[in-house]
Amino acid sequence: MRKRLMALCLAVVMVMGILAGCGSDKDNGKTNDGKDKNAETVNKLTVWCWDPAFNINAMNVAADIYKKDHPDFEMEVVEISSADIIQKLSTSTSAGNTADVLPDIILFDDGLIAQEVLSYPDVFMDLTDSGIDFSEFSEGKVAASVVDGKNYGVPFDSGAAIAAYRVDILKEAGYTIEDLTDITWSEFIKIGKDVKQKTGKALLNGQSGYNQITVMLTSCGGSYFDEDGKLNMSDNKKVKRVSELYLEMLEAGVFQEETGWDTYIGNLNNGNVAGAMNGCWIMSSIQAAADQSGLWAITNVPKVDGVDGATNYSSQGGSTWTITTECDNPELAIDFFKSTFAGSKEFYDKILETSAISTWIPAGESETYQQESEFFGGQKVYATIVDFTAKIPSCVMGAYMGTARTAHMTAVTNVAYSGADLDEELAAAEETVAFEMGQ
Amino acid sequence: MIMKISMKKRQNLTGWAVLTPAVILIVVMNFVPLFRAFLMSFQTGRTGKMTFAGITNYTRVLQDSRAADALKITVEYVVVTVPVIIALALIMAVLLNDPRLKLKGIYRTCIFVPAAVSMVASAVIFRSLFAADGFVNSILVGLGILQNGYNFLGHPTSARIILMIVRVWKMLGYQMIFFLAGLQSIDSGIYEAAKIDGATSLQQFFKITVPMLKPTMVFAFVMSINAAIQVYDESVNLTNGGPGNATMPIAHYIYNTAFAGVPNFGYACALSMIILVVVGTITLIQMKVGDRRE
Amino acid sequence: MNKTKYWIGRGIKNIILIICSLFCVFPLVWVLIASTNASVDIVRGVLVPGKHLLENLKSIVEHYDLLGASWNTIKYSAVTTIASIIVCSVAGYGFEVYHDKWKDRLFGALMITMMIPFVSTMLPIYQTYAKLGLLNTTLGFILPSVSTVFTIMLFRQNSRSFPKDIIEAARIDGETELGIFFKMYVPTMKATYAAAATITFMNAWNNYMWARLIMSDNRAQTLPMLISNMTTGHYIDYGMLMLAVLISTLPTLIVFFALQRSFVEGMTGAVKG
């Protein structure tokens, strides 16, 4: 009888094994192809990025172009959110299995790249001497992926900030796009209040104030860290002024906070707000509402009045490709970038329709960039943005940039909704960031 | 006699043998990782290069104002949702237990539906429903209650309330099934006898139903409090803790500490150990209280 | 007089139930309507069924590997459920039918697992998986949820109503322990199996946080991961998204609907102290 029992146990284990095994073996096999160390499959690159209509599309277009001269080349793009990429970096470095998990190429938001390179120093490949000509990219853009004087990224799309407005709604309130060009935030808020009163619509919305505050802070060259990397939030004129302006805007209903990315885009598309201010990539979201063609126009962002170094230009987002040290064929990856993202006008022309605006200077000189956009009422939007890109002030980045931004946002939220004191909240935010930095 | 002992022994061994796979799995998947997390709670540094740090992670907890806030949010969440869910579930179960009630299956399925919707999907649904121009606001504006859409998820208090509503929505069905099952094991003869004695429905509920369901209720309380304290996927998916940190319960804070921004896993482990102790203590107290009255 | 009172009572009862049912079911009805509309109409709050269902389906199939993700989700959930009810029913049977002091104590010790926050064990499990090559595998997905104290308890408590003298009688008749389990226990415990299967299936089907941690391969994606990916792009196609939500929810609803009677019955044992 004991034998039978043993048999039963064995049977259970086997059933589990078979059930699980049939799936897992197959999965395993497939996982391995992506990361195979054999010479045969070394023609393949695996990429992590997240937006099918934007960066995934760009990667696929680049792959098609590269395939023309390299017929054996293969590319696998994995759709994975930015938050998941960060989680996977954390887990795989902790488990020591970066070789099995990480792909050859990862895309990062410009605001995160320094943080990730500093947090995981051995994961990203130093591209300084790779032969990619970084001087052909706009300077401010390249700076986002330079850590300790070394280049860690191949710049992709521009994050140059634009202010896009619904001309029809502005007209209803008696304004034109010129009235919102080259203005200060104080003027902007005045107009915003008027528009709100006349049309009931907010001028802007956003997924909390996260992107908005970055746009504002960057436009005056502000940061949470000084040049030596020292944290300063509580005694920081720019941070304080930006917070005050943002709070005033929120209070007056000129800016509408949304909880999720989905509702942000949703409200934008259904005409519930009169404008959008973000990195220029937001154009692809705006243009999704095809029925609003001709109703939009873009201009530069307002200037933060009352602080030094204020400009009408800023950046938010934009992204940069990195190559991981787990890449089995770095020569291939570098050659791929040289022939596409860092060397092909054809490529940038092809992806322009998705509003992916190049930071590779030669691409901006292309004819395609001079085209007029029907959606934006015949404006030469791409050329305008290329012009904006060159004027973005540079800011100090740090490993705890993301943490500091979140803390700043929390402070502002507390002031806005719980009536807390701004100075106290900024001091508390500084403490929070210092607490995390002191781990 | 000898035969019988050996038979007993054999049966006993059989018993152990059939338990083994399940027990091994539980140990390997729960206790071993827990022990490793415990060890890591004394370490600090970047993941992959952690060094021993003594009890610094634990002393750190005491200075962490965000952990304190998160704990407060968690307590509020538990104190509100658990009784509401249990009370509502009990009422629904009693109503559905009426043998003369028609369409029972349909009501039961309707109330259970939310439990079948994944959290990711629920988050999408509720974010859309409560968006500034979403369905709820359209109705409120349409009825003239509000002049303009209110950004429910953008304000701390209303966002917290919505998180609670989502919890009630999702858990009500599960809890109701528990109570229904409990009610069905009560002998209907008792109710008949009470009716003959002239007891009203309300009296029947408090004098018969509640006492008879006590073991179920203790169990339900323990389970739902445990689950509510450990909640993180609801806030991660629905509000991502915002606005600010207004909807970030402690388990979500731990999750962020471990996996988002600049990860600090040692500290996350120390926080988890504290939750474990808190949950354990609450469970023990409940079990003791539940036992005593029996 | 008494009759009107009775009817009023019933009316109130039904009204309460209808309100509660609407509260629970409304969001899903809204999804159902939304999935037939175009994205623009959904954000505009259109509440009547549209004609966009097929286009929405086409967009999903074009942009995402819907079949692959569905197959993965079905596979992971089915394997978890089958493995779990085998392992846990055998264990629950063992804990009750062969129970003694030590087994009861062991069970008590296992109850501690309910208090362990999953966030704290996620990383250690991940580290072990990395060493054993379990990432991106079905086995890796199912292991943490195969053996749970809750399911074992469900079987253990329900086994109490399984008459012990029948077991004794069968033993005297020369029936083997295995025979008793399969020929007598399994058929009488159908409801418990249904309850355990429903709960395990639903939990596995909707498990997102775990899947997102251990899966990094396109081919290992699940439906919740697919939905999550749909909400991060520069443009969100709500019609497509809502249809995906609907598709991901239907199977669990069907499982519940099919098993609901046995489900309630099967839970009965679990709550009997």
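Per-chain residue numbering starts at 1, and chain names A, B and C are given in the order in which the chains are listed.
Rule of thumb we're sticking to: a residue touches a chain if its C-beta (ideal position, glycine included) is under 8 Å from a C-beta of that chain, and two chains touch if they have at least 3 such contacts.
Remember, it's a predicted structure, so these values are computed and weren't measured experimentally.
Most remote chain with respect to subunit B, judged by CA-atom centres, is A.
Set side by side, B-C and A-B show the greater C-beta contact count at B-C. Computed from the mean C-alpha positions, the centre of subunit A lies at a distance of 35 Å from the centre of subunit B.
The centroid of the Cα atoms in subunit B and the matching centroid in subunit C are 15 Å apart. Looking at subunit B, residues 14, 17-18, 21, 47, 124, 128, 133-134, 258, 265 sit in touch with two or more other chains. Each of the following residues of subunit A touches two or more other chains: 1, 5, 8, 12, 87, 91, 94-96, 260, 262, 266-267, 270. Residue positions 43, 87, 90, 123, 127, 146, 177, 228, 231, 238, 241 of subunit C each touch two or more of the other chains. Interface of subunit B with subunit A (complex): residues 10, 13-14, 17-18, 20-21, 44-48, 60, 63-66, 123-124, 127-128, 131-134, 148, 151, 153-157, 159, 238-240, 242-246, 258-265, 267.
Of all residues in subunit A, only 1-2, 5-6, 8-9, 12-13, 83, 86-87, 90-91, 93-96, 115, 119-120, 200, 205, 208, 253, 256-260, 262-263, 266-267, 270, 272, 399-400, 402-403, 406, 409-414, 417-418, 428, 431-432, 435-436, 439 touch subunit B in the complex they form.
Taken together, the subunit A residues at the contact with subunit C in this complex read 1, 4-5, 8, 12, 15-16, 19-21, 23-24, 27-28, 30-31, 34, 50-54, 76, 78-82, 84, 87-88, 91-92, 94-97, 100-101, 260-262, 265-267, 269-270, 281-282, 284-285, 288-289, 291, 355.
Contacts from subunit B toward subunit C in the complex involve residues 11-12, 14-19, 21-23, 25-26, 29-34, 36-37, 40, 47, 88, 91-92, 95-96, 98, 100-101, 105-122, 124-126, 128-129, 133-135, 138, 169, 172-173, 177-182, 184-185, 201, 215-216, 219, 223, 226, 229-230, 232-233, 236-237, 251, 254-255, 258, 265, 268-269, 272-273, 275-276, 279-280, 283.
The part of subunit C that touches subunit A in the complex is made up of residues 39-40, 43-44, 63, 75-76, 79, 82-83, 86-87, 90, 123, 126-127, 129-131, 133-140, 142, 146, 176-178, 212-213, 216-220, 228-229, 231-236, 238, 241.
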